[in-house]
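Following this message is one structure expressed as structure tokens.
As written, the chains take the letters A, B, C, D, E and F, and residue 1 is the first residue of each chain.
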Amino acid sequence: MRIVVTNCNTTQEMTEEIVRGARAAAGPGTTVAGLTPAWGPESAEGWLDSYLSAAAVIDTLRTYDGPPYDAVVMAGFGEHGREGVRELVDVPVVDITEAAAHLACLLGRRYGVVTTLERSRGQIEDSLETAGVGRNCAAVVGTGLSVLDLGDDERTEAAFLAAAERACAAGAEVLVLGCAGMTGLQRAVGEKLGLPVVDGVSAAVRLAESLVALGLTTSRAGSYARPLPKRRVWGGGPAG
Amino acid sequence: MRIVVTNCNTTQEMTEEIVRGARAAAGPGTTVAGLTPAWGPESAEGWLDSYLSAAAVIDTLRTYDGPPYDAVVMAGFGEHGREGVRELVDVPVVDITEAAAHLACLLGRRYGVVTTLERSRGQIEDSLETAGVGRNCAAVVGTGLSVLDLGDDERTEAAFLAAAERACAAGAEVLVLGCAGMTGLQRAVGEKLGLPVVDGVSAAVRLAESLVALGLTTSRAGSYARPLPKRRVWGGGPAG
Amino acid sequence: MRIVVTNCNTTQEMTEEIVRGARAAAGPGTTVAGLTPAWGPESAEGWLDSYLSAAAVIDTLRTYDGPPYDAVVMAGFGEHGREGVRELVDVPVVDITEAAAHLACLLGRRYGVVTTLERSRGQIEDSLETAGVGRNCAAVVGTGLSVLDLGDDERTEAAFLAAAERACAAGAEVLVLGCAGMTGLQRAVGEKLGLPVVDGVSAAVRLAESLVALGLTTSRAGSYARPLPKRRVWGGGPAG
Amino acid sequence: MRIVVTNCNTTQEMTEEIVRGARAAAGPGTTVAGLTPAWGPESAEGWLDSYLSAAAVIDTLRTYDGPPYDAVVMAGFGEHGREGVRELVDVPVVDITEAAAHLACLLGRRYGVVTTLERSRGQIEDSLETAGVGRNCAAVVGTGLSVLDLGDDERTEAAFLAAAERACAAGAEVLVLGCAGMTGLQRAVGEKLGLPVVDGVSAAVRLAESLVALGLTTSRAGSYARPLPKRRVWGGGPAG
Amino acid sequence: MRIVVTNCNTTQEMTEEIVRGARAAAGPGTTVAGLTPAWGPESAEGWLDSYLSAAAVIDTLRTYDGPPYDAVVMAGFGEHGREGVRELVDVPVVDITEAAAHLACLLGRRYGVVTTLERSRGQIEDSLETAGVGRNCAAVVGTGLSVLDLGDDERTEAAFLAAAERACAAGAEVLVLGCAGMTGLQRAVGEKLGLPVVDGVSAAVRLAESLVALGLTTSRAGSYARPLPKRRVWGGGPAG
Amino acid sequence: MRIVVTNCNTTQEMTEEIVRGARAAAGPGTTVAGLTPAWGPESAEGWLDSYLSAAAVIDTLRTYDGPPYDAVVMAGFGEHGREGVRELVDVPVVDITEAAAHLACLLGRRYGVVTTLERSRGQIEDSLETAGVGRNCAAVVGTGLSVLDLGDDERTEAAFLAAAERACAAGAEVLVLGCAGMTGLQRAVGEKLGLPVVDGVSAAVRLAESLVALGLTTSRAGSYARPLPKRRVWGGGPAG
């Protein structure tokens, strides 16, 4: 089985890191290919970035001409676009935000999300709510680190642990890594916290594999019907 | 006061129609200027279109170099993007979806939305919910007409009346025109139905004027902080 | 256009202050007339006062015989009565509680209300909820000041700022003045807080103007049908 | 134990009927006294009536100078005022709307309310919601009969059965008589429907007795603190 | 009238204590009989205990062959089983969890539950939610004491007061004893707190009496139809 | 990896059928073993059966002395017990009710459940709600068939299709088989309906495999702490 993982930003190194995480999570027969949008933001932090990212990721899949794939994993935590990709492709689409929440719900009565900047909280809350898994989310808390700050592992871990404490105080019994760039951190912080910590990329890969294995894909009835044929122009602006 | 109204699609005629509606609704000292994105879908119907539209509208405002304006009205019913525009500009931003709902809440205990295709229902419901005005929405119902079908006034009106009946059966006491392209229809159908019918474009213009007059604009604390400076590429794909 | 603003209590000075606030907010062609109920409480603080106030305000409008008016603004934050007035009059009715919330929703993802006594919180929460705009309310907090204490501007401002901090800690990105008697405070505290602060009286005046300008008024279908003709006696008790 | 039952309207015959129902429901040592407001509407149908009724009922209790009582039952289904009475008196206060719902929740997973006019639906829904028992309400349906029409028992019963069918189709497993004037009907319709039917007056009497017997009364902490001493005028208008 | 009170565990002393509480709360003509399950956990603390308890209590009533009874009170705070007992018996069934909440809702706008171990919070929250009375619950807080620790009255009272403070900070205006083993504590802590404190056993006894007196019992339509006749084996395992 | 699948009833044939379904869904290296409780109901239909089943399934796992296993799948749609099993075992536990809903949420905006008897609706709704995935459930509808009726494939399929139509009318875009005994039906009805149909057993097997592969298991913090050591007796009653 071949899974395409789309980064939500244009930073190639982050795609590679995500792909490493995805491969570590994937089952034996699964091939993972990363896609980096040719346009969009270099990191997605806030609503403007998120909408730009959504269009860029959709365009990346629309113009993709590589080997066929069996599922799409969208690796932007709290970022927009999943419903549009569901309209576009005929294979299952799993967004890492919802994926992490789905698995977290199976591991405890309430889960918490630890993300980068506080400003992302709103997007994540809305994303969980519309995905149908917001009810058992006890809190979304920020570490104060930006996406591109995550490179410093020690600082990231310390910030994560501090934020996790606040999530637990709000009732979280399970934690979720709230940024694709945190992939890989789950084991270290999980041990220190004595709690299960869910990585969205890993969760999404496993859920995508599950859907493919069960022969399930997006319903075309109602919300996610195929896009109507019409004239569309996909960007054209200069770098901003 | 000068209000910029952004069409959510690339169809110039629709921008003009929306601007006509906006001008009819605007107060004495208000100038209305329409903006048609240089890229995006020719009409927005579904999630893929909506995300493409969101990025295109944001880009249109980002690269705008006309005279200064006091507020933005976003004329895409149920379309994405409003939070991104709130981050981008320093003036008030009002989306026609939420605007119509805000006024409708003042006119009856439950309102209903009559839109184009059934497939738009999900986007509209989510948009109302996250805007904080979903509670009193009794139903979102489709007419079965596509955006570009709305030109035939007689057919549109008949379809609207039929759909309105279903919304009323679900408890609606006020109706909302669920598409920017329906602007102008409110009076005719309102009289036939004996109910107030709210047009989102008109509502948004008046709300934008109100915010400007009261010296209010988007909070920069938390969700809608200014976009972080970083490298962003705004599209580049060919027509699809 | 002529707007009647009803004070929720019998204190004439407060009516005058509210009318000043309303006039400052009104558009060029708008005349504002204040109405002070001939009966009711001298200030509304708590449920008993609120129900007494509701009946008195309705009676004031029922027996009004001045020049015709185009809209009613009800200036009692969190007080009851708006639905009854909607049944009674044929013009739009806007309550300052809901009005402030409607505008606040356009300015940030979550808003907070700063009111007088803690005991008012319940009424305000219920009023926002049934108006359909409770979802994005992060908190209603009290300053500990009674309505008639608000005369001391300095103390009021200090108490407001302290309470605002608690609302922001709960997630508020926009604040609402939770008492008609606070009208005028919005600019001073807004600047100190660096946040938009919405005054309900101003908001309601602008919303009322908007509805009138758009030719919209209360739906008579369902909830707000005209009162049935019957025998009603409007009070008669001595001062208590 | 002595329970005072307040009618929500000025119709003495209805008070008597309610008192008959209350006495039939009361335990051995309980005395029931009916109070008819000296002012207010002759029947409460709609929001205007409801707010007028709330003030009149509060005033009736405020000026009451009969023998002491141990609890108040407020017999206006869906009518306002209960929180104000809770502030006023030191004994337990039970409103028939909430009372019926509390018992109905114990008898089935979802209950339905059958009331008089459809226009009352909103008030009843809001009353149940704020009382904290709205979740398991499957539907509030109207019979189309006005309060003063209820005298014709046969017609009332037929209308009730027809409306009950709609409530059951919406999921109701238990029914509630949605008007104090229906008191006494429960047995006849319950047998025909094969379902438990809860009368609010009876339920409220039993709940009031329970609270008194257990030595429980309204909390003074927070919402229902005693009314502040101040100048209040209780009406004065002529009949309307 | 004869009420059977089922303990949720096998500890005979606790049954006796509960029965004492029930008798103290019961009306004049009511006889209370306690039932101790012959199997199940010696105390119910956590989900595993709760499900074991549910089956054991149902079995106890299924195999009961004493004198007939008029109602069942289930004395396990937050424990499962009430819906199953409703299917089994033809008389009213009242669970102390929901009973306490029903009365608490009548005494203040928000109530709080003070229970034993923090781990019980989830069960109690779910139990209140599905009973339809979760909305006005401000908080469920633990004292840190286990069920069998409650014997030390002084320690229990001190722990209760400390936990109550947290519940009040979260908005509770009324408190609920969150364990059947706390029965009797309500008066002492209520006086110290100056708040009404509801004991679930007392509340359930009074509610059961009320339903019996009004001739009401569980609906057989829908959820609580009689169990289908079939082969069932009620346990058989050794002590664990 | 070895997964234990627990049937919720004592019918060995049903365990075998479920195991067949589970094996068909499992990944290459997975072994599936079925467990049939030695006691409990022969089929679970209603709350009484469900609680009996919960205790029996927990007891079955408690006394299990076969080879070690890596995860538990609980195959009772809408049946109780999952939280208790989470306390008991150290490996991941997935209930088929929640499992089906988790996957269904990834395939459409709203899903519907088609189950056996209407009486099961309440349990299923509560189970989805507390699992945190109730929000996007459009409807739970019954086929009118009992669990043991499902043997007749043709009748089952016809009844499923009829019920599915009602679920779709309520907004479902994806369907869920609402009974473990329907396992295997998904492909046939999915093709006829042109919709994805999720089988809970298959979904749970894949989710359990995913959790194991990712090294995730139930959190011990808070709700699902290990059962306290104490005396418990697991049944003892004769067949009923």
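Quick note on the criterion: contacts are C-beta pairs under 8 Å (C-beta built on N, C-alpha and C of every residue); 3 or more make two chains touch, one makes a residue touch a chain.
In this text the structure is predicted, and so the values were computed from the model without any measurement.
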Distance from subunit C to subunit B - Cα centre to Cα centre, in angstrom: 28
Cα-centroid distance, subunit B relative to subunit F, in whole angstrom: 44
Length of the line joining the C-alpha centres of subunit A and subunit D, rounded to whole Å: 52
Residue numbers of subunit E (touch at least two other chains): 83, 109, 122, 129, 222-224
Category of the chain touch graph - line, ring, star, complete, other: ring
Ring walk, subunit E to subunit F and onward: E, F, A, B, C, D
Footprint of subunit F on subunit E - complex, ascending: 10, 38-43, 45-52, 54-56, 58-59, 62-63, 80-81, 83-88, 118-119, 121-123, 126, 129-130, 146, 222-225, 227-228, 230-240
In the complex, subunit B residues that touch subunit C: 25, 27-29, 83, 92-94, 98, 102-103, 105-110, 129, 131-136, 168, 171, 173-174, 187, 194-196, 198-199, 202-203, 206-207, 209-211, 213-224
